[in-house]
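Sharing a structure, written as structure tokens. Questions coming.
Naming follows writing order (A, B and C), and every chain is counted from residue 1.
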Amino acid sequence: MKLTKKIFLCAATIAAVTVFSATQADQLDTVIKRGVLNCGVVLDFPPMGYFDKENKPAGFDVDYCNDLAGALGVKAEILNLTWGDRIPSLVSGKTDVVVGSTSDTLERAKSVGFSYPYFVFKFQVFSKKGTGINTFDDLKKFKVGAALGTTYETEYLAYAKKHGWGTDNYTSFKSENDAYLGLFQGKVDAIISTNTNIATKLQTQEFKDYVAGPFVPDYDDVVGLIAKRSEVAWIDYLNLFLIHQIRDGKMNERYNKHFGSEVPADLIKTLRDNK
Amino acid sequence: MEYEFHWNIVFQKMPQLLNGAFVTLHVSVLSMLIGIAIAVLLAIAKMSDYKLFSLPATLWVEIARNTPALFQIYMAYFGLGAFGIHLSPYVAVLSALVFVNAGYLTETFRGGFMSIPRTQYSASRSLGMNSVQVYRYIILPQMFRRIYHPMTNQFVWSILMSSLGILVGMDELSGETQRLQSLSFRTLEFFMVAAVMYFLITKLVLFSASLVSQKLFKGDL
Amino acid sequence: MGSSFFTPLSWNDSGFILTGVLNTVTISLVAIIIGTLLGLAIGFIRAEVSRFSNMLLGGVLDVLRSVPLIIQLILFSTYIGAIGHPLDPFVSGSIVLSLYTMAFMSEVFRGGFESVQRSMITAGRSLGMSYWQTVAYIRLPIGLRTVFPSWLGVALSVIKDSALVSVIGYMELLRTSEQLISRTQQPLEILIGVGLFYFIISYPLSLYGKYVERKMSI
């Protein structure tokens, strides 16, 4: 009787300890133990993320995933996401972190944990040469498109609403690529995208007759890495990682590789100021 | 489970969701009406003895029935775009749904028509009815009874498939849900509400269909 | 680096496309097989049990049939992860697609089972057959004989609906081709290829279904 009681007590303690320690293992431990970092990237957003001609993931964000995995001493597994997939992938545990140019809005921060900013974009108009879009207000007269659920879509729609343009000449696209394809095919006269993506598109044969237009007025798109909101220690690690990317010169190296120039001082300054 | 549900944001956005639901209903009703009209013509063409008519009709029906709706929507949107034909997301989804509905309904109509024995025609004629009367009072009422149920199913199918509008950025229920969830990142909440809305819409359609059938067929279907 | 964002379709891509094709075939087969087995069981139960339990079961199946597949896929894969069991897109896709298939298959089989006349079963019982013998020798063979064309119809629609599993990240044919479209900006060629693939699989089978149906009705 005594013995069975003891065994039972032992078993209960072990079970309790296991359960307890299981809840204690946070994301950081999980990733290190697993040996693999599941890193979500939006791969239709060059030069941040895209597929190279071997259909392999490449880009600034992909390099950041690899740098992060390197720092953690694990292997990076890149998962291709659309803009809309980013949160589901985190919530569902498919990804540990999303390096996916996620604008750090206060609304989103209610649902998901943001790191310090790691990049700043400008939103810009992109259209065929000679379309005649000189100021942002000229857009009123044209068919405009953007990717669904992005911050630039929200910004454009808010601007259009404020100026009473209505949304009749606005088209949403499922993804960034679809928006460019739509512009290329002539479904819309202009799209709103980021300055970085536009700059890379301008270097291609397909878009040589196109031109980068005005910026969305008064808006800097500050973006961070995202992770599960509850994983505070993990987000702390991500923050320190981002600081090190700048401090150790990795950011400059990556920027150089994908944008062909040194990181602008004001970008570094914005990143430092924001944190 | 560590996921905390935030429902208040969904309630705040309810008007947009309802608006999306309205677009869903709108596009599926329209796709049915146009689909039925085209299917009648296709069914007649398919039963014709002239290859000139029957061949294109057969081609339409077989392509519509043997390729995914998702493919057809892409084709209507980006495929036609390559020819410089630019449909808005709404029109692209509408035409894809019309294309499929017409394809399936053609077979339904043809089957319904064939199921009525030829002898009834000659019998009615011999009773002194003219051709129009035979169709009006004998053939079409029986045929309508047989195709009514498959037609309702096709309608429900259209409602469900209009959700593919999400893939061309359309502002129907799924697309609107996708937009709202990417702005607030409340995926589960928004999609759960969308699922309930789809369920209610299809039930509403089936319920009205059964009411109509009771009126029309006095219940004996 | 710049011009490498857009590169035309090349022979290098054939392996990539083939993976997409194989994935489409795999997930369709998995869903058809599991969906058929489950549908057979549920269809049988529905033809057998009392009204009340039938209503409960019917309610669940009804939800599966009345919510768009795309929403079911997103909800399931997000939910299963949110409760701490993230699944591979293939696994969650297979589960949802199989259950969806089951919902339609169960109706097909139920119709088949209900078409077997009660008097035949009573006759079997009076000849000394046990309950399960009537199932094995009367209900299954007679009930299943008539449903083949409808079964094939559901199976074909599953092949086509498997394209939707792309939304949760499974690299099936349509998602593969979408990625190629992004890179090549040649939507027309790629889409026509995709359409042809589905047509080539689906059309002969649908012809066969029609042939069987015609033979049966004679």
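The definition used in the following text is that contacts are C-beta pairs under 8 Å (C-beta built on N, C-alpha and C of every residue); 3 or more make two chains touch, one makes a residue touch a chain.
It should be emphasised that the depicted structure is a prediction, and the values quoted were computed from it without experimental measurement.
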item	value
Most remote chain, CA-based centroid, reference being chain C	A
Between B-C and A-B, the pair joined by more C-beta contacts	B-C
Inter-centroid spacing, chain B versus chain A (mean Cα positions, whole Å)	38
Chain B and chain C, separation of their C-alpha mean positions in angstrom	20
Where chain A touches two or more other chains at once, by residue number	88, 91, 181
In chain B, residues with contacts to at least two other chains	2-3, 78, 81-82, 166-167, 187-188
Residue numbers of chain C (touch at least two other chains)	74, 78-79, 82, 84, 181, 187
In the complex, chain A residues that touch chain C	44, 46-47, 50-55, 79-81, 85, 88-89, 91-94, 175, 177, 181, 184, 200-201, 203-206, 258, 260
Complex contact set, residues of chain B against chain A	2-3, 6, 78, 81-82, 84, 86, 88-89, 166-171, 175, 178-179, 181-188
Interface residues, chain C side, partner chain A - complex	1-7, 10, 12-13, 16, 74, 77-82, 84-86, 89, 169, 179-183, 185, 187
Chain A to chain B touching residues, read off their complex	83-84, 86-88, 91, 105, 107-108, 110-112, 147-150, 153-154, 171-174, 178, 181-182, 185-187, 228, 230
Residue ranges of chain C touching chain B (in the complex, touch as defined)	63, 66-72, 74-75, 78-79, 82-84, 156, 160-161, 163-164, 166-167, 174, 178, 181, 187-188, 191-192, 194-195, 198-199, 202-203, 206
